[in-house]
Structure formats: C-alpha cells, structure tokens
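Sending over a structure as structure tokens; questions will come in a sec.
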Amino acid sequence: MGLIWDGVREAFRILGSGDREVWEITLRSLLVSGSATGLALVIGIGVGAALAFRRFPGRNLAVTLVNTGMGLPPVVVGLVVAIMLWRSGPLGSLNLIYTPAAMVIAQTVIAAPLVTGFTVAALGALPPRLRPQLYALGASRLQMLWLVLQEARLPLLAAIMAGFGAAVSEVGASLMVGGNLGGETRVLTTAVVLAARRGEFAPAIALSIILLTLVFLVNLVLTGVQLRERQS
Amino acid sequence: MGLIWDGVREAFRILGSGDREVWEITLRSLLVSGSATGLALVIGIGVGAALAFRRFPGRNLAVTLVNTGMGLPPVVVGLVVAIMLWRSGPLGSLNLIYTPAAMVIAQTVIAAPLVTGFTVAALGALPPRLRPQLYALGASRLQMLWLVLQEARLPLLAAIMAGFGAAVSEVGASLMVGGNLGGETRVLTTAVVLAARRGEFAPAIALSIILLTLVFLVNLVLTGVQLRERQS
Amino acid sequence: MTAKLSLRDVVVRRGEAEILRVPQFDVAAGEVLAVLGPNGAGKSTLLQVLALLERPAEGDVRLDGEPVRGRELSLRRRMAAVFQEPLLLDRTVEANVELGLSLRGVPRGERAARVRRWLARFQIDGLARRSGRHLSGGEAQRVSLARAFVLEPEVLLLDEPFSALDQPTRESLGNELAGVLAETGVTAVFVTHDRDEAARLAHRVAVLAGGQIRQVGPTAEVFTRPADETVAAYVGVGTVEPAKVLESAGGLVVLQVGSSRVEAVAEGFTANEALLCLRPEDIVLAPGDAAVPSSARNHLRGVVQQVTTLGAEVRVHADCGFPLVASITRRSMEELGLEIGSPITASFKATAVHLIPLNR
Amino acid sequence: MTAKLSLRDVVVRRGEAEILRVPQFDVAAGEVLAVLGPNGAGKSTLLQVLALLERPAEGDVRLDGEPVRGRELSLRRRMAAVFQEPLLLDRTVEANVELGLSLRGVPRGERAARVRRWLARFQIDGLARRSGRHLSGGEAQRVSLARAFVLEPEVLLLDEPFSALDQPTRESLGNELAGVLAETGVTAVFVTHDRDEAARLAHRVAVLAGGQIRQVGPTAEVFTRPADETVAAYVGVGTVEPAKVLESAGGLVVLQVGSSRVEAVAEGFTANEALLCLRPEDIVLAPGDAAVPSSARNHLRGVVQQVTTLGAEVRVHADCGFPLVASITRRSMEELGLEIGSPITASFKATAVHLIPLNR
Amino acid sequence: GSDNDLILATTTSTDDSGLLDELLPLFEEETGYHVKLIAVGTGRALEMGRRGDADVLLVHAPESEEEFVASGYGVNRQRVMHNDFVILGPESDPAGLRSANDAIAAMQTIGESAAKFISRGDDSGTHKLELSLWQALDIDPSGQSWYREAGQGMGATLQIASQREAYTISDRATYLALEDVLDLEVLHEGDPRLLNIYHVMQVNPQRHGSVNAAGAQAFVEFMVSDVAQALIADFGADQFGQPLFVPDAGERE
C-alpha cells in the first residue's frame, strides 16, 4: 500500500515538475491511441451500422467474429502485425516497424472490434421503425446514419471510450511493433512496463496515474461535448 | 507471413496430437477468465443497472469513471493487485499471489468496467416506459431486472463477450500476479508471451490460434443459447 | 363505504413544472370511471399515480382507505395497468400475455387456460405464436390489453385502451368488456378521448385539464351539466355562450343571449351573469319559422351558417342571435333541405339549458 | 390523367406470409383518400409501400406514372409520411419539426418561419423548447404531424394521424387540415379507424381487409353501396342480412329477408340471392304499428331487442323478422318511450336498401 | 501457497534459455520444495528481494548484487555459472567492428562512427555491463541520435537491433536461442570484460520474517551442488552445438 501512496506522490511531483520526457510520452500516447481510435471508429461505425441494419446471410457469423475480435490478445495482434512489418515480412519495405505508425495500426486492430461491437449494440437498440421514419422525412442514407448515430450518442460515447481505453491501455502490441524506443515509440503503458521491470514501482504507479488521468480527461471532454450537443 | 502459416500448421499439429500441457493451459485460461467474467458480470450488471435506472447526484461522474475504467491498463491492474497480494502487501497473508485466484481477481478488475459500460448502454437504450409497464404487470424489482436483462440480451451478449475477451486476452496482469508458473498459473496469453520471448514464433502463433478458437467457441455457445432462448 | 382507490392532496412535478394537483379523488369499488380531457392534461400521469408507478411529490395514494407506504409489490399485484403504448416484450404474443401470471407464480396449467381464454376474447388467438415485435398497431394494443385482463385484477387502469382498434372491434369489445367488468365487480379507471365510449362504458366521468380535475360526477350529469367552459367543450356541449340574467323566479330563468331571449330551468340560480350551455342533440331545427310543435319553450329564428357532416350525424351551425350548434340526422337534413343561408327555427326545452354561473 | 401515385401488381411478404396484394391502386393528384379496414389488414404496410419505404416483393410503385427505380431520395423528398407511432428524436420539439427542412437544406430563416407557423397550427408552440422525449401521447402525435406538414410536400401519407388527439382538437384540426389540403392541392392518403373522419375528410375511401383492397370509390358510394360483407361492417352498415329474391322487375326487387318482405331499388339486378344492407340512420322507427307517414316503401313491424346509447345517438336493435339496427336520436328515443320489448314499426325507403349479389 | 512454496525471482534470460525447466524438477524432487519461478528484469528481481516478496534470487548484475548484500538485504550469495556477452551487429558491419581487438575498442568504433546501437535500457545486468563499457570510454550515448534504448527484454532488443540493422550487446544464451530469426552476427567476443556471471543468493530472513529461509538455503546449496553443476555444464550442447553456460561454483570473482 505504501508503494501506491508513494506512486501517487510521485505522480504529483512529476506533473508538478513538468518533466519534459513524461509530457512527451503522454502526448505520444494521446496521439497514437487517438489516431487508432479515430480509425477504429471509422471502421467500427461502418461495419457496425452494416451489421445492425442489414440482414444478409452470414450476418450472425459476422457478429460472432466481431465479438471474438474483442478477445484478440494485444500480444497476438502485436506479433502478427510485427511479422507483417518486419523487413522479412510482406510489408517490410514500408519501413514501418518500430514507428508510431506501426503502433497505430496494431492499436486500431485491437480497438476496432470493441467499437464495432458497441456500435452494433447501440444501433440495434434503436426503435426499428426509426430508420424508415427518417427516410420518410427525406433523409438520404448518410443523413439517416448521422441522425441515428446522434440518437445513439450515449452508447456510442461508451463505444469511443471502450475503443480509446483498449488502445491506450494495451501494452503487448505496442512493445512488439513499437519497440518501446525512448524518444520514438515509448508511450505511457510501455513506460510503465519498463519502470516495473526495473522494480521502480513508485514511478510505474505514477505513470499509471497519469495514464488514467489522461483517459479520464478524454472522457470528460467527450461527455462534455455530448452534453452540450444535447442541449443545443 | 511464412511464420504465420507455420503457426497455423503448428496449431493443427498441437490440437491434433492432443498435447496434454496445451489442453491444460487452455482449460486454465477458460476457467480463470470464465470465473473472472462471471464475477465481472455480477458486478457489472449490478452497477450498470443502478447507473442506467437511477438518477442520483454524481451519476454522470460515476459513468465517466466506469468509462475511464475501460482504459485501465492490465499492467497497472496487475501491479496494484500484486502490491496488495505480495507478502509485503496488506493482503499478503492470504497467500494468493502467484495463484489462479489472484489472476481471477486481476482479470475481474479489468473486465468489470467493460461489462458495466455495456450494461449501462444496453439498459439505457430500452424504452423508458418499459420498466413501469413491467411493474404495472406485477413484477418485483428483481423480476423487473431479470426481464429487462432478457430484453437487452443481444447487447448484453456483447457485454459478456467484451468482458470475457478482455479477461482472456490480457497478459500484463496475469504475468504480474500469476507469475506464469508452468502447470499452475500459465494461461494461453502468458504462454504466448513466453514463446514469443524465446523466439518460438510458430508455437506462439499456434497458441494464439487456440486462444482465438476458444473465444470463438465461447461466443458461438453463448450466441446459440441466446438464439435458443429467443425461440422458446 | 371507503373508496377502493383514492388520492389525497396529490401533487406531481416534472422538474420545475407542476403537472398534476389533485386535492381529493375517489374511485368506488366496482365502479367504472372514465377520464376525459385535452392532450397534456395529465391523464396518463394520474393513471400512473393510481397504479402506484409514480410516487407523487406530495400527498397520498390510498387503496381501500389505507395510505400506500412500502408494500407496493403486493398492492401492485392486485392491479393491472395498460399504458398508452403497447410496450410488448421481445417474445411470443402468448408469452407476453402470460407474463403477469408467471410473475405471480400462477401454476402452468391454469396460466395456459387463462391465456387461451383471453387471447380468444381479444381475437388474437391466431397470433399466439407470433413475436410481440412484429404486430400491427391494433394487434399490439390487443395483446397489451389481454396482458392486463388475463390477470383478472381488482383494479384495472387503462390509458386510451382502444385508440388503435378498428371501429367494429372497438364497439363489440367495449360491450363485452362492460359485461365482464360488471360481472366481476372490477374497479376500472380508463382514459379516453372518445366521449361516446365514456358515455357508453363509464358510471362516472372525471374531466381533467391543466393538471386539475375540473369535474367528477355521474356520466349523465357531467355530460349535461358541465361545471365550466373547458368541461363543456370536452363533453361535447356545442353551444357555450355568455348570457345576462334578466329575470329569475320560481326556478325559471330568463336570459339575454346575444340578441335573443332564452328561458331556462335552474333551481336556486342567483348569479346575474352565466354561461349558457346547450348540447347539439337537444336542439330541434325546423325550416323557416314553422317551429316543430312540441313542449319546447324556446323557439329562436336564425340562419344556417355552416353544415358539417359526421357520418349519420350533421352539425348545423346557425346564427340565432348568438352562434348555436345543433345536431340533426342526415336524413332530416335532406328532408328539411337545409343549406347555408336557409332560414330556420331552433327549438329547445328550458330544461335542456344548463347554466354555469359567472361571478364577475 | 395519370395518377399521382399508383401501385401495379404489388405483393408484400413477411417471411412466408403474404400480407399485401394489390393488383392496381391509383391515387389521383390532389385527392384525399382514406383507408379503412380491420386491424392487421395491411393498411400501414400499404402506406409504407406508397411512401417508398418498403420495396414490394413484386410489382411497381409509380409516381406521376413513372415506375420508381432508384432515385428514391429525390422522390421521397416530394412526399412526407407520418407513422402510427410518433418516433420523435431526442432533441427539442422545434428541432424535431425542423428536421425534414434541414435535411433538404432549406435556409435557416425560412426554416424558422415555417416551423413557427406549423407549431402554432398544431397548438404546440408552447412546447417548442421542450424535449421530444417527454411529451404526452397527444402532444407527441402533434409534433409528429407538424414534422410532416411543415415540409408542405406534394404527397402526404398519414397513418392514423389523429388517434391520440383529444376530440375537440381532432375536430377543429380535421377541418383546418381539410382546408389546407384543398387550398394547396396536396395529394393525401390517410389511414383511420374513424369512419366519420373518413366521411368528413376524404374524397374517396379504400377498404382493405386481409391484405387486399376490397373496395375503392367515392366516399358516399363506398359508405352506402359496400361491395361485400366485410366492407359493409367497416363502413358502418348496421344490418347485413341474407335475402332471397322473390321478384325483380323494372329495377324494383322484392326480397324475402327472414320472415319479412323488403322492397329495394336496384337497376339490372339479376342474382337470386343477395345480402341486404341497411345503414342504421336510414331507418325510421315509430312506436307500435303507427308507421311515420312518409315516402318509405318498407314498413316492418318488430320488437326492440337491445338499446345502446352512443352519446347523442342511440342504436336500437330490433327483431323485424330479421335482426335490424336503427339509429335514432336520444331525444327521439325519449319521446317515443322505447325500451326493450317495445313494439315498433321500422320504415325505410326502397332506395336505402343496398343489395350485394350472392352467386352461390 | 504454503511453507513448502519457494519464490525464486530470476531474470528473463535464465528463464528463456530453458535451463531452469531442467533444474527445478530435480530440486523439487530432491527437497520436496515447490518452486515458484518468477521471471522478471534484474532490477525488479532485486526489488522483490528487498521487499521480501521473493525468497531466493538468481541474477547477473554483480555490482548491484554486492550493494544488495552489503545493505543487508541478501545473504549467502554464491557464484553459480557464467556465460559471456557478445557484441552483435549486421553482417555488413558498417562500423567495422570485426577488426577491433577488445570490447572497449569495439564500442569505440560504434560511438565514433555513430553507428546505430540498440541498448536494453532497462537496468538489467546486460544494460549495466553496456553502460560500464561506455563509461570506460567516457562516452555518454544517451540522447544521441544513433543510440536508442529499447526498454525491453533481451529477445525484443535483439529483434529491434536486427530489424534496424543496428549493433547491440547480448548474452550468448539468448542470442543462440534466437539466432534463427535474427539477421545479426557475432562481431566481437571473448574479452574478459564480457563475462556474464550469475549468482544465487538468499533474501535475508532476518529482515523479512515471512521469507522461506530453509527453502532458500536449500536452493542455494542445490545450485552449487555437483548434480546441478554437471547439468549446467551439458545444458544446450545438443541443441546449439555448444553449452550455453559454464558452471563455476566456488570460483572467485
């Protein structure tokens, strides 16, 4: 327990001292996982809307696959993406291994099934006659999608958060494809792992607290946006 | 890519040969993560229902915290649980560190926010007048909860899968609190990590495939149950 | 006798807005009470409070004279409520109708028999195995009704129960249910916008407007002697006009209405201004100035201004010194050859006039 | 003239079940057409198909004579449909009503003005800033109506549009909308269970049952000359009885109905069995056997069996050799002193009888 | 968990080599103790010892270990075995390492030609050794554009060096285990500075009452026993053509 308090104290110290490296790592976490979440949203909302609204053979299987995707272990994703991006791999010539871009790819793969799953759940729960009613008022396909997404904004917020949460908190894939290179691909989780490897538990906890604070703030901002929108 | 095919071949070989150790590890993964998911469901549905149905001051903050919980990095959870369970920690005397029980605890902490988040989303999307209507037909509180959970069974299935997926696929916490002890606390993900660390990529991929197959099968079974229920 | 269900000093709020205020309201055991009123009056809210589903911000709900505090489950199980929307569960129609019985732990065999009986009564036996999610509006409403009636409760609370039913079903079901209610002595409160339905089924009528009960009383009384202008409008009084009392003696009141004089019977009427209320069906029209020979005391000459056909009934708006609405049959209209501009004489009895005193 | 909207050989299925089959159906430009029929008839489905929201399994929908293929968006934007349930979005009432205009990219200023106008017309201007999620049933229905009318489309498709409105509003709105429709030449199809509303607002009526259109025609014709028994029931024909043709000459048909004889006017009637249809309002009752002196050719003696009061109207079921339903005013009933068991004479014209030929 | 359990904290490299998979069953059979093998970084292993969360340690960071013992956290520290570190790089050897005579010179070529170098960067024994070489050269590589810290285990670091065509330092055992999947060659070896010495030690039971002192002592004794030493001497020979470790119990530093 003492360790945890030490960690909390350390977290405040680091944040107070404005340690450049920590800020850099935090910003990198936000950028990498933010981009991955953005990509995952595009994919997840697209696929999720198709799964929620269309009836086609194999739809149940597709939903089961998406749900299975929620259980994709980051290490496995990391391994597979790494195998692809290694110089010996099929995409080796892109020179993406051990870059933030590689991490974005891996995190997108991890976050997309969650976003998709939540999107299917959120859109599937809307009243079934809502979509035809929107069409009846003159909505195009895209306008319809935009409107139902707004109707489902609360559960979609959860989808965004689940996606961002999964991306920003995973470590296996980031280590594998990012390499945790100081100054290049080190993000908060990999920094936590490094500190923990070193037995530096207080800094590890401090970094964790910063990570959670980041997630919390992103959450607050999104909730705020969502509440503001509802009022307007 | 070659590595991946080797892995696939290896997976079939292992499954075909009925390697006792692999079956044991797989079973352990299922048991540990299944128990964690069960606990997470109890917590997540309880808390989720309260958040979805009750209006109380601080409710928005609570939802934000749950969403933040979706971003809890497994390593951090592992670290904190380990600090608690280590001999030097407050719960050290329980002798739980490096046992499957410790892994269940850590995985529960990881899965619970996801289950809670999905539950809030699923229950929140039900027609608001449904609950009073159920009360009006003579439902007790518990019966009401049971009925609305059945109404929301599709999104709740996603909640279960997200919880199980998060639990079974995480590795940071399992390593930290389980120790990856062969024959005791080694589960599929930690075995994958060990194999990958040893450069044995084909077995790593084989184990990953087994893991994903496990998740897929659990998924199929749950989907099957859910479909059967709907028909009856 | 204590009332079956009553409200005392009940106030319901939504945020800042007070949407219901009922100082006192009693429903006697075995009676059928209709609630009428404009949209947004608070009728559904009243029903929710009576069904113990909404706890009022202030005041008490009493069942058999006992204020309800805790114990809701056992009390709720003596009632059943049907909401304005059907809200069926995602299971078969049969399972939907069975729901309340299962919740009460009724044995399976009895459950099945009762469900079958009520499905047949609502003519939805053919839908039994269909999903509750894929029904037409009227089908869903029937299932929702069956789901409540199958419980055979002491108290039934119905919110616009027949609004989506087709007219023949509505009529036959109305009659049949009236029979069932009478036989079994169920206490029922139902909200409706159909005043004919209220007239046909209810012993008493309550008129709600702006969150307040404007009048409660035996159906005939509320329909013929509305307490105020709003009630008058909602019970179908066609003519509501301000009048000045010219004379009042021995129960006979003579009034100046617009440019005409009207005689009315009103015991102990003392105000000197009033609203004159006349139901359209109480007015007889004759062409020209040939008043129909009858016991009517009032014969007013006028001119037809507007004619609206409502099926078999025709509404004639005439100017008889004041605007007056009469209802005649389509046949009479054809026989009388009435059209806009036709001169007519409108006759009505002094007892058909209802006066609402105005205390300006 | 080509029809505004028409269906050709349309079939709609749900799973195995065929729920709509319409070989031909045309709605002329500017006409108001009411769709009547029992619950589950397929009325809502018909409307969905007309609104281009459900593509039929077979057949065509045509707008201005052109089969609709692709291009749905631009065509849909010339129409507006109001569903049976309100389905409002989780935003303000104002924003809900504005929705269709925003979707069409109407400039903000114009949008605001039109929204304001229609909110006022539906008497919901007071609710403008309220959330679409916390409205009473009738309020929600008004918003849903305003949301469609504000679009001022060429074609309006309304599914039980007034079912949740209070009666005075329903009447005044009905009249006002009839005016608006006539002025603007909008083509409108509306589903209703209220035959008076259909009679009042519609130029033509279609009766749907079991997924098929049983009859379409001018309102008065469908109401007085139903094509079959089902239609007769849904347009309010009270008496539908099998009859044997005894004589048929020069357009006058003499029939045996139960134990009575009835004369009917029917040009070119050749069947020798028929269903006799009589609307309740076409029958005059007199006490005892003193028939009201009139031009009626049929005077049947009978006994009152049942009396149902529907507001101002009273339905009298009498046995006149066959069961017969007459509608009289409450006043007449009181004057005639009718009660169960009273002997009466029912009179009706030969032209009031409608015959449906039976070809057994 | 019970009195029978013995928590052994060791470095990932020992675990990854598979040596302990052979040794531990022998020990358990002989003594009846049940070993919980926790493979972590050297830093964390020492920290676990310091906190009494482990009973016995098997690590390879001599300087840190000495400090650990000196501060009274560890007792009964015994040398078990060694292997050696090798300096690795791409076959093309852009900095020309092959010609260097000793480890210091090799590192100097890297530093001076600013050839890419991947460091463990995780306070492990390997990392500490690497830092001592830079120190001897008076080079501060941290922050240099050619120098990167992986902050991961040996395997991952090797993989990164391989992919980036960079130089790195590894213990021989790990390198041999991963040789197949790496594009790295041994460019320098044999300098006595590159000796990688493993010690076993007990966590001081005086400091932490909960420590399994008897078990820990038994383990230390087992590791230096003839049986274990013989097994170490053979380990890996059949797989890699050469043994991975050299048993050297009883030798002085």
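Think of it as A, B, C, D and E in the order they're written, each chain with its own count starting at 1.
The working rule: contacts are C-beta pairs under 8 Å (C-beta built on N, C-alpha and C of every residue); 3 or more make two chains touch, one makes a residue touch a chain.
These numbers were taken from a predicted model, which means no experiment stands behind them.
The minimum number of touch steps separating subunit A from subunit D is 1.
By the document's definition of touch, common neighbours of subunit C and subunit E comprise B. One simple way to say how far apart two chains are is to compare their mean CA positions; for subunit A and subunit B this gives 18 Å. Taking each chain's centre as the average of its CA atoms, subunit B and subunit D sit 57 Å apart.
Rounded to a whole number, the gap between the C-alpha centres of subunit A and subunit E is 36 angstrom. In this assembly, the C-alpha centroid of subunit D lies 90 Å from the C-alpha centroid of subunit E.
Multi-chain contact residues of subunit E (touching two or more other chains): 48, 153, 156.
Contact of a single residue of subunit C with at least two other chains is seen at positions 85.
Residues of subunit B in contact with at least two other chains: 127, 196, 201. Pairs of chains meeting the touch criterion are A-B, A-D, A-E, B-C, B-E, C-D. For subunit A in complex with subunit B, the residues that touch the partner chain are 1, 3-4, 60, 63-65, 67-76, 79-80, 83-84, 89-90, 113-114, 117-118, 120-122, 124-127, 152, 154-155, 157-159, 161-162, 164-166, 168-172, 176, 188-189, 192-193, 196, 201, 204-205, 208, 211-212, 215-216, 219-220, 223. Looking at the complex, you find that subunit C touches subunit D at residues 14, 37-41, 43-44, 84-85, 134-139, 141-142, 159-160, 163-170, 175, 193-196, 199-200, 233-234, 236, 279-282, 284, 308-313, 327, 329-331.
Looking at the complex, you find that subunit A touches subunit E at residues 86-87, 97-98, 175-176, 179-184, 186, 190-191, 193-194, 196-201.
For subunit A in complex with subunit D, the touching residues are 127, 129-130, 132-133, 135-140, 143, 147, 150-151, 230. Contact residues of subunit D toward subunit A in the complex are 48, 51, 53-54, 73, 76-77, 79-83, 85, 87, 89-91, 99-100, 103-104, 147-148, 151, 157.
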